[in-house]
Amino acid sequence: MKKALALLLALTMIFALCACGKQAKAEEITINFPSVWVGTDSKAPYMEQLIAKFNEENAGKIKVVVEEQTDYQAARDKLRTTITTGNTPDLCILDTTYDIKAYTESGKFMDLAPYLADGWGKDFAEGSYDAWSVDGKVCFLPFESAVFTPIYNTKIFNEIGWDHFPATYDEFFQFCKDAKAKGYNAMGQMAGENGWSSMLWYSLIVEAIGGKDVYANGLQDPAFVKAAEILKEMYDYTFDGAISAGAGDVNGHWLARDTAIYLNGPWWVANLYKEDNAKDGVLLADDCEVAVNPKYEGGKGEGGLVTTVQAFLAAAEQTDPAKKEAVVKFIKYLTDPQHVSELALSSGAMFFVKYEPSPDTSLISQKLTQVANDAAFTVIHVNGAFPTAFSTEFPAALSALILGQVDAQGFVDQLQTAIDNAA
Amino acid sequence: MKLERSDRGPLWAFLGPAIVLMVAFFVIPVVYVAVVSILKWNGISTPAFNSLRNYLMLFKDKAFTRSILNNVIWALVAGFIQVPLAMVMAIILSRKPKGWKFFRTVYFFPQVISGIALATMWRAIYNADTGLLNGLLKAVGLGHLAKDWLGTIETAFPAVLIYWIFYVGYYMVIMMADITTIDESYYEAATIDGATDFQQAIHITIPLIRRTSLLTCVTLASVMGLRQFEQVYMLTNGQPANTTSTIVLYMYKKLQDSNYGMASASAVILIIVGVIFIVCIRKLFEGRGETVKVKKGRAGK
Amino acid sequence: MSETRVRPALHGRELILAVLRWILIIFFAVYTLVPLVWLTLASLKTNSEFLTSGPFALPRIAQWQNYVNALTVAGLGRMLLNSVIVGLSATLVNVVVASMGAYCISRFRFNGREKIFTLFTAGILVPLNALMVPYFVIINKLGLYNTYGGMILLYCAIGIPMSTFLIRGLMDSIPMDLEEAAYIDGCGFFGRFFHIILPLSRTGIVTAATFEFLTCWNEFVFANLIVSSEKLRTIQVGIRYFTNQFSTDYVSMYAAIMISIIPSIIGYILFQEQIIAGMTSGAVKG
C-alpha cells in the first residue's frame, strides 16, 4: 500500500517535471497569442490557415503559438489577470470593455504609432486608430469593426403582408402588431445573460432619437429615457420568456423561422449560409434582406449607423528589439489588405483595414458594407460608449424595467449609479 | 491524546505540508484580498487608499444586500431542508429496500455532473416556450400556470434554489456510510421492545449520527449555499433585477468591471458571513441534547 | 446491518409509511433521471430538430455524428485524459496531505492546535474567484504555468480545507481507548497512524477523495487560467468549445456535455462498490 502510494507520487512528480521541461528552442522567437477566433467562431477556419502559413514562412525564426479561448468571458477574465500581474500576452485581442486610457498609460503595451506613421497606417480606414489613441500613442489598434443594422426575413414579411421594412419607428410598431396578429415574433429580445440583443436595439433607438452627439453628455441626454420606453414596448412583440432569454434563445427563434427581424453583428452572417441552418433546402440567407435603422419622428438620427470596434489588436511592450520586430511583422501580416479581404469573405465580418470588396453584391455582407458606406455618420453602441460597469448592470436594469420594477427614468438612473460606483 | 516529546518532530512533519499549502494558497492570498479591499484599484493604474469606502458602497448597493440575503436563505435551505431530506433517504435506503443499490447509484448521478451541465439542462427545463416544465403543466391541463420561471420576480429565485434541493445523493451517501457503523444490537433490542422503523430512526439513528455525519453535512451544505456561483451565473446571471444574485456572483461582476477594491471587499464579507454560519451551526449541534459518548459499534462483529 | 432482520407484518401506520417510503424513493429517482434522459435525447438530434421538436420527442435518426464532432473537432479525447491525470494525481496528493494534517489536529493536543483548525475551516469559505490574481502569480513564480504540475498543485491546495474538514470529522469519532491501548503496546506516532487511524477513517478519506476528484473534474476557471496549451486542456475547457456566444451548434454542445458526464458516471458505477466498501469496512477492523 505504502509502496503503491510512493510510486504514484513519484509518477505525479515526473509528469509535472516533463511538462516543465518543454521549453522553447533558444533561437526561435515565440509569439503567444490567446485568440477567440478559434473553435466555432466564423473567423476560425481562415485564421488557422493564415497563422499556419505565417509559421511556415518564418520557420525557425518566428513561431506564433495560438492559445485557444472559446469562451469570450473566460478569455476576458484571463486577459485581465495576466495583464494585471505583468504577464501581458505578446499579442492579444481586446474589446471596448477594457479601460483603454488606463491600459495605454500603464506602459504595458507596445506603441504602434511609429510603425503606422511609417506608411502602414494607409491600409486603415481614415481616422480609425486615431480615435483610440491616447497622447499620440496607439496601443489599441482597431481591427475588426461591426455595423449593427436589422436583417429581416422576407418570406415572413410577405406572410405578414409587408413588402418593405418599416421606415420609421411608428411604422415599426404597426409592423409589430401585424406580425403578432399572424403569430410571428417581430424581433428577438433578451434580458438574460448580458442582454446583448436588447443592448443593440437600445443602441439603435438611442441613435435614432439622439443622433450623432447623443453621448456628449453621458446619460443625461433625454434620448436615453425615451429609448428605454420604446425598448420596453418592443418586449410585447418578442417571444415568450425574453426576460430570461439568452443569445441561444434569440438565435434559436430566428433560425426556427418564427421571428421576422434579427439584429446582430456582421460576424453572424456566416451562419445564414450554413447548410445546417437551411430549411427545406433553402439557405436562410436567400430569404434575408438588409434594412436600415428606422427613423424616429422628431429625432436627430436619420442616416446614422450604429457601429463598434469589435476587436482591437494589442501587443505587449517588448524589451528585446528582435522580438518587437517579430511581433510587429505578425501584426502587419494579419492586417495585410489581401488577407483581411479573404478573412472578411470567409466569415462575413468587417474590418478597419481597407480591402477590395467581393464583386458579388447579392451577398449579405456586401449589402452590409453598402449600408456602412451610405451612412451619413456613425455612433458606437451603448456598451462601447460607457465604462464596463454600464454593460454589467444593463441586464439587471433592463429586466427591472420590463417587469415594471423601475420606470424609464429609474432604468437610466440605475445605469448611471453603476457607472458612478465604478468611477 | 497527550503529545509526547518524541512525537513533536513527526507531528510537525505530518502537519507541515498541509500548513505550507494553507499558508501559500489561503493565508497569503486572503491577506492580499483584505489589503485590496481597502484600496481603489482597477488592476492596472497605481492603487489609491480608499479606507472603508468600498464596504460602505457595498452596503449602499441593493444588489449586494440582496445577494447576502439570497446566500443566507440558500445556506439555511441547504442545511435545514436539503440535508434532512438526504437524511430521510439515507435512513430509508440503509434499511435495504428492494433495489437500494440501484437507487443509491442513481441519486449520486447529479454529483458527478458538472455545474455547467446541470445549469444548461435546467435552463432548458425552465425555458418559457420550449421548456419541459411548461410542457408538463400544459400536458396535465395546468397550462395557465405556465410562465417564464426564470424571468418572473416571484419565481426566479425559488426556481434557482429548488432544483438543487432534491439533489441529495452526496449527503445521503455520507450519512449512509455513517449509519452502517451503528451497532446492529441497538436495533435488535429496539425491535424486541416493539419499536417501529420510524421510532428506531428517531430514537437510535438520528441521535447517533447527529454530531458526526449530520453535522458534517449541514456544515458542508451551508457552505456550498454561501459559495453559490456557477449555477446562478449560468441560469440567470443574477437576473431579473438582481433578485437571484449571490455574493460570489456580485463579486465576479465587480471583477469584470475591474473594480478590484469592491470585489475584494465583498469576498471579505462572504468570509465573515461564513464564519458566523459555521460557529452558529456548531453551537446548535453541541448545545442541545445529551452527549452520546459510547455510541458506535465500531468493534462490529 | 444484517439482511436477516425479521420485519413485522405491515399494517395500519406501517403500511402508510411503506407507501410513503416508495413514493419518496421513486420521486427522487425520476427527478434525477428525467433531465439525463432529456440531455441524451437532445444530444442525438439535429440542430433544427432540437429547435423545433418537443423536449421528449425522439430524434428521427440518432445523430451519433454529434458525438464524433465533439470528440474530433474539439479534441475532447485528449482533454478527458488530461482531466483523469490531473484529477487522480491531485486527489491522491490531496488526501495524503490532508489525512496527515487531520491526524495531528484530531488526535493530539498542542499549542496552536485550535488556531490551525480554525484556519483550515475558514479556508472552506474563501471564494476562490477572488484569488485569481494571487494564484496566477504563485503558479507563475513557481515556474508551473502551463504544466500538469501547476494544475495538480493548485487543485491539491484548494481542496485541503475541505478534505481536512471531512477527514478530521471522521477521525474525531474514533474512540481514544483504541489508540491508547496501542500506545501502551509500544506503537509509535507513525504506527498508530498507519495501523489504527488510517484504516478506521477510510470513510472520511473516501468521502474527501470523491469530493476532491469531482471538484477537479468540474473546475473551469483555473483550468483556463493557468494553462494555455491545447495539450494540457481539461474537459471543462473543452465543453466551452461549443458554448461560446456566437455558436449555434447546440446539439454538439449537448454531446460534449454527455461526453464529460459519461466517464464520471461509469467511473462511479465501476468504483462505487470499492468506494462504499472503503466507507464501511473501516468499521469492522480495530
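By letter and in written order, the chains are A, B and C; residue numbering begins at 1 in each of them.
One rule holds in what follows: a residue touches a chain if its C-beta (ideal position, glycine included) is under 8 Å from a C-beta of that chain, and two chains touch if they have at least 3 such contacts.
Just so you know, these numbers come straight off a predicted model, no measurement behind them.
Colleague: As a test of whether you follow the contact definition, which chain pair has the most C-beta contact pairs?
Modeller: Highest contact count belongs to chains B-C.
Colleague: Report the chain whose CA-based centre is farthest from the CA-based centre of chain C.
Modeller: Of all the other chains, the one whose centre lies farthest from chain C is A.
Colleague: Indicate the whole-number Å distance between the mean C-alpha point of chain A and the mean C-alpha point of chain C.
Modeller: Going by mean C-alpha positions, chain A sits 37 Å from chain C.
Colleague: Quick one: report the Å distance separating chain B from chain C, using the average Cα coordinate of each chain.
Modeller: 14
Colleague: Mind pulling the residue numbers of chain B that touch at least two other chains?
Modeller: Counting only residues that touch two or more other chains, chain B contributes 43, 131, 255.
Colleague: Which residue numbers or ranges of chain A touch two or more of the other chains?
Modeller: 77, 84, 193
Colleague: If a residue has to touch 2 or more other chains to count, which residues of chain C qualify?
Modeller: 51, 132-133, 220, 243
Colleague: Could you list, by residue number, the parts of chain B that touch chain A in their complex?
Modeller: 42-45, 57, 61, 63, 123, 126-129, 131, 148-153, 156, 236-242, 253, 255-259, 262
Colleague: Over in the complex, which chain A residues touch chain B? Could you list them?
Modeller: Contact set of chain A toward chain B: 73, 76-77, 80, 83-84, 97-99, 102-103, 105-106, 108, 191-194, 239-246, 249, 387-389, 392, 395-396, 399-400, 402-403, 405-406, 421-422.
Colleague: Can you list the chain C residues touching chain B in their complex?
Modeller: 1-3, 5-6, 8, 13-14, 17, 21-22, 24-25, 28-29, 31-36, 38-39, 42, 51, 54-56, 97-98, 100-101, 103-105, 107-110, 116, 119-127, 129-135, 138, 154, 156-158, 160-161, 164-166, 169-170, 172-176, 178-180, 183, 188-190, 193, 200, 203, 207, 211, 214, 217-218, 220, 236, 239, 243, 253-254, 257, 260-261, 264-265, 267-269, 272, 276, 279-280, 282-284, 286
Colleague: Residues of chain A touching chain C in their complex?
Modeller: Checking each residue of chain A against chain C gives 2, 5, 8-9, 11-13, 15-20, 32, 34, 36, 39-42, 67-72, 74, 77-78, 81-82, 84-85, 87, 193, 196, 247-248, 251-252, 255-256, 267-268, 271, 274, 276-277, 279.
Colleague: Show me the residue ranges of chain C that touch chain A in the complex, using the header's touch definition.
Modeller: 46-48, 51-52, 74, 85, 89, 92-93, 96, 132-133, 136-137, 140, 143-144, 146-150, 152-153, 194, 220-221, 224-225, 228-230, 232-233, 237, 240-250
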